[in-house]
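In what follows, subunit A forms one complex with subunit B and a second complex with subunit C.
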Partner chain A sequence: MFYRLSGIHHTGYESARRLWPVPADRWQVGAVLVLALAAPFLVSNLYLGSYILPWLIWSAAALSLSLLMGLAGQLHFGYAAVMAIGAYTSIHLSQAGVPFALSLLGAGVVSALIGTVFGAAALRVKGLYLVMATLAMQYLVDWVIVNVPAISGGAQATLRTPTVTFLGLPVETLTQRYYLALAWAVLLTLFFMNVKRTSFGRALIAIRDKDFAAAVIGVDPFRYKLMAFLTSSFVGGVTGAILAFCYYRAVTPEQFSFNVSIQLVAMVLVGGLGSAIGGFLGAGFVLLLPIILTNVIADLGSSGWIDISRNLMSHLPLIFYGAMIIGFLLFEPLGLAKIYDNIRKYFLVWPFRHSRS
Partner chain B sequence: MAYFLELLANGALVGLMYSLAALGFVLIYKSSGVPNLAQGALIMAAAYAAWLMVSWGLPIWAAVIAAAGVMFLFGLLVERLLLRPMVGQPVIMVVMLTLGLEILLRGLVPGLLGAAPKPLDLGIGLAPVIVGDVFMNRAYLIGGVVAVILIAASMLFFRTRLGTKLRAVSDDHVASWAVGLSVERAIAVSWGIAGIAAVGAGVLWGSVQGVDWTLSSLLFPAVAVVILGGVDSIKGVFVGGLAVGILGSVIPGYLDAYAGGSTRDVVTSLIILLTIMIRPYGIFGREDIERI
Partner chain C sequence: MTETDTVLRCENVNRWFGGIHALKGVTLDIAQGEIFGLVGPNGSGKTTLVNCVTGFYPPQEGRIAFEGRDITGRKPHRIAADGIARTFQNVALFRGMTVLENILMGRHNLMNPNPVSSLFYPFMARKEEVAHRRKVEAIIDLLQLESVRDEGVDVIPLGLQKRVELARALSAEPRMLVLDEPMAGMNQEEKEYMVRFILDAHEALGLTVLMIEHHMDVVTAICGRVLVLNDGTPLALGPAKEAIADPDVVAAYIGGRSDAA
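This part shows the complex of A and B:
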């Protein structure tokens, strides 16, 4: 149909190596990018600030985590703590007068260092034990942030982000913050897609599939697992800083609690492990679906269609969220990215059903 | 000195109640290799079930037995509907599935039955038990005794005919099939028994701190117990529980005044981290031989 070809047939390495080999996909990416750039002029500030902006930033966070979970196959149940380190570092650096661009880098470096220390546990253990080690990291980092007043700004305190300029451009109004978040999301997406084509990315995938086998063909699991933790924690820290400066603007430790870590893992799984588009779809789905469904049921309740208690109402998001995780794992373990891929492949060869795709 | 002994005694008793929460985790991991992160939510659901029975007018002992029956069936159901389709999937999928179940239960059960803390009276009374000059919480004391009894019972259970089958299944699925054991049924039974263990933990903890969603956060100390003791060892649950309870009581007892409170979570985290770094399979756990 709109793909205007029946299967992909490469005639040279140049075309086979492209990020988007199909012309229709390139048009699609371009259209989405144009829409994203025009979004501040298309939608109201309410939607931009409370739906699109958090969606972009959480997508970036999901992509950072997907680098570790999807490509390298290392579980991380304390990723919110990594982002918290980034957020707090960047705020303190900015308050100390460091230019914002440098404090973003600093946030990444500190997150990467601390994240790698905890990730070093991954060199000994895997599976369940890695989950528990990262879980312990979450609790330890939370406790340190809450109980060291120099970091959190005192018990129960919120730390306001200072006004900053990014490379001379002010980051103050909603539109400016949106463009900064968009730039980071685009940069991270490109990085993510390109990592998969490098020897580094292929080494990570080899380790994910079987670390012994990877060691046999000369990929050092020790080195590459550490590098995976380092890279992922770096981008996670920067994303945490972007989240703090562009969206929250006043951070408290609760914004990076254990539940947020679970939410991030859920985004990666619902979207699809190791898929760039999956990061965006998963973040959107996990963020928005419980809100939308709860609103629908609230409307049904208030118009008298169904009888629902206020107490159950307040628990609905949790219920949908849990049911969504279970449902995806049972019926489509590869997530939304796989569903998208199935639809795309169907149309790619349409109207023929048995052509190469 | 009396302060230290008091922390020690109460810590040990709390630790035994932790091991009660950890028992179900170990039972399931031992038989099927599934780390059940929903065990905390199962405990919460069990406590709600017991509370519901009591509020229907049953005496407490009948309510506990009825709740045990309900949770046994619930365990079977979870295994049949959720876990069996996941056989052969990577461990992250199974971990996330149990986590999804945890979130679902944490929303569904308080959502349907009420989120406000509910009292669950076991008829224990509040007066502390005094031995020498050490004050012990009476509920903790009874909880500790029940925990010891239940742990001993599950050790004996693994010597019965059914228990031997479960041990065989936990050793090797394929070999168990070859000698004619039903691996599926054994795993289902272990989920059912984990449900019953959750009733023990849920009723005791529910009587101490009231029945509400916070019961599900018992998962974290339970996980520390399991990791420290060895994830497939009942003996480890007992020893690990004592260790986590005592360390989690004595250290905060002296440090909270300086470090600004809630050092218990830090102690628990450090126990997990240090165990994983020094001896990942725990004190009594079996060292796994990895196959390619």
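This part shows the complex of A and C:
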């Protein structure tokens, strides 16, 4: 097979530490990247704009959350609020004439500050109590956005994103917006993977796994939990801004409601906590599966294969969707990323069976 | 023993948990380069003392000084930075990481972990990671962990897990090593290996060791001096063989003559 561990010899620590030490993985990543770059020429605008673009951005959001939930082990059920802060900050900064690149940065900084304040409140508590603390953030931020006209433009208002250029490149047509989102998703993925293989990521994982053992070898739990909230909220804020400018283009508070936070948590859990590819798989699952299920069932119904009422037809996808989430998590609690990993490991030693556990 | 070569000094350390007086005025001095044993029946306060030393909770009375500086009540991560590393009775490794990553974790204080350096990995973090990997490989070599380097820590046997924990503590380049029952749950062969590794580390790195241990053969073999605790009270302090032969110590472990009647 094309996947082979045998014959790969590392002669230095640099090569052993590569992101993808197996050549087949590098080929795969390259192929996916080429496909992603060519996507605007391969698929219709409908698919690009309503499936691939949101998938990319939500994957970036799932990765941002996974940094906090997966690596540092801090539950966050108000992540949509973090993204909302980023989205609204970037829009207001851009409207005030700040260059788009800087307003993206500003979005990250403001999200990071506010996210860290709530993170600090959550430092004393763990688990379910932390969930409550972050829920408080969700509702407080929602309330402030809705009730301060200077932010939302009024209770029922929709805020349109101004036309902007990113470092001289216009961000207007679908293709342009797609490439900006792609660039952010790629940058964030690389960041995520680099965090995981460096001392910063190890410190976060140490706090997640055994906080007292982490403290005893010098990790200040307080500081690193704050750093986790800071970093995750920063990238979450930028992702929120990208979401507003590249996808929604008109922002209302409902787009960042509690449901969205739950969806993000679902993406991270279904995809696999703390895994880069899990972010993409999870976002794809949560975002695209309901659409596919709806289409499949509608097709089955209209073609006469199954005879069901229109009412049942609209609920069947939801039933299947819920069942599939439960099924996947029962089958593999570590998420889609683990399933992918198992398959990959199987082929790494194929035709032998060493890695089957 | 002169004042200068005292590494750890505990003076009249007292600790209560609610109504339980767990440490009743423990005083000890550990000299530079010494392997100091802490023994006593279960519940006698050995781990409590060690937890006070490494900052898990402060003693309510008394003073602990490391290399002449007062460390009473400091947070664990500060004490780690001061140069004390420890292992745990129940293995406390990071299950989500490989053996190698666990040992690298020990170098946390010597590295510069931050998200910016991770983001610019090729320019910033890579050099540091490789340099520290070299140091860690020396520890792996010392403790003969090469074969399990890339395994997850939860799939290797307990004996190796304890060795990984020792490696993690050593890679922090501490000046004092605190071992909480490094040989608990091990068979004879694993125990012999562990003793050898502790002696190797002690010799190669010039460490001072404070060790809680139940196996008296190990204690008498490698510990210079021993403090025997019973019910939070220091019973005997001195060279290992003499302290253990003390009539009070024997009485604490197996009951005195008067109890037998």
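Quick notes
One rule holds in what follows: the second predicted complex is superposed on the first by the 323 of 357 C-alpha atoms of A that agree within 3 Å, B and C clash if a C-alpha of one lies under 4 Å from a C-alpha of the other, contacts with A are read in each partner's own complex, and residues count from 1 in each chain.
One rule holds for everything that comes next: contacts are C-beta pairs under 8 Å (C-beta built on N, C-alpha and C of every residue); 3 or more make two chains touch, one makes a residue touch a chain.
What you are looking at is a predicted structure, and each value in this text was computed from that prediction instead of being measured.
Residue contacts after overlaying the shared chain place A:Gly127 against subunit B, while subunit C stays out of touching range. When the two structures are aligned on the shared chain, A:Leu42 is found in touch with neither subunit B nor subunit C. Look at A:Ala213: by the touch rule set out above, it reaches both subunit B and subunit C. Of the two partner chains placed by the overlay, neither subunit B nor subunit C lies in contact with A:Ile343. With both structures placed on the common chain, the touch criterion links A:His315 to subunit B but leaves subunit C unconnected. Once chain A of one complex is fitted onto chain A of the other, the partner contacts of A:Ala31 are absent, as it touches neither subunit B nor subunit C. Ranking subunit B and subunit C by residues of subunit A touched puts B first.
Judged by the document's definition of touching, subunit A residues 210, 212-213 lie at the interface with subunit B and also at the interface with subunit C.
Touching subunit C in their complex are the following residues of subunit A: 12-14, 17, 191, 194-195, 197-203, 205-206, 208-210, 212-221, 227, 231, 274. Against subunit A, the residues of subunit B that register as touching in their complex are 35, 82, 85-86, 89, 91-93, 95-97, 99-108, 110-112, 114-115, 220, 223, 227, 231, 259-263, 265-266, 268-270, 272-273, 276-277, 280, 290, 292. Every residue of subunit A that touches subunit B in the complex is listed here, in rising order: 69, 75, 121, 124-125, 127-129, 131-133, 135-137, 139-140, 143, 146-147, 155, 210, 212-213, 262, 265-266, 269, 311-312, 314-319, 321-326, 329-330, 333.
Subunit C meets subunit A in the complex at residues 54-56, 75-77, 80-81, 85-86, 88, 92-97, 101, 104-109, 111-115, 117-119, 121, 125-126, 128-130, 132-134, 168-169, 172.
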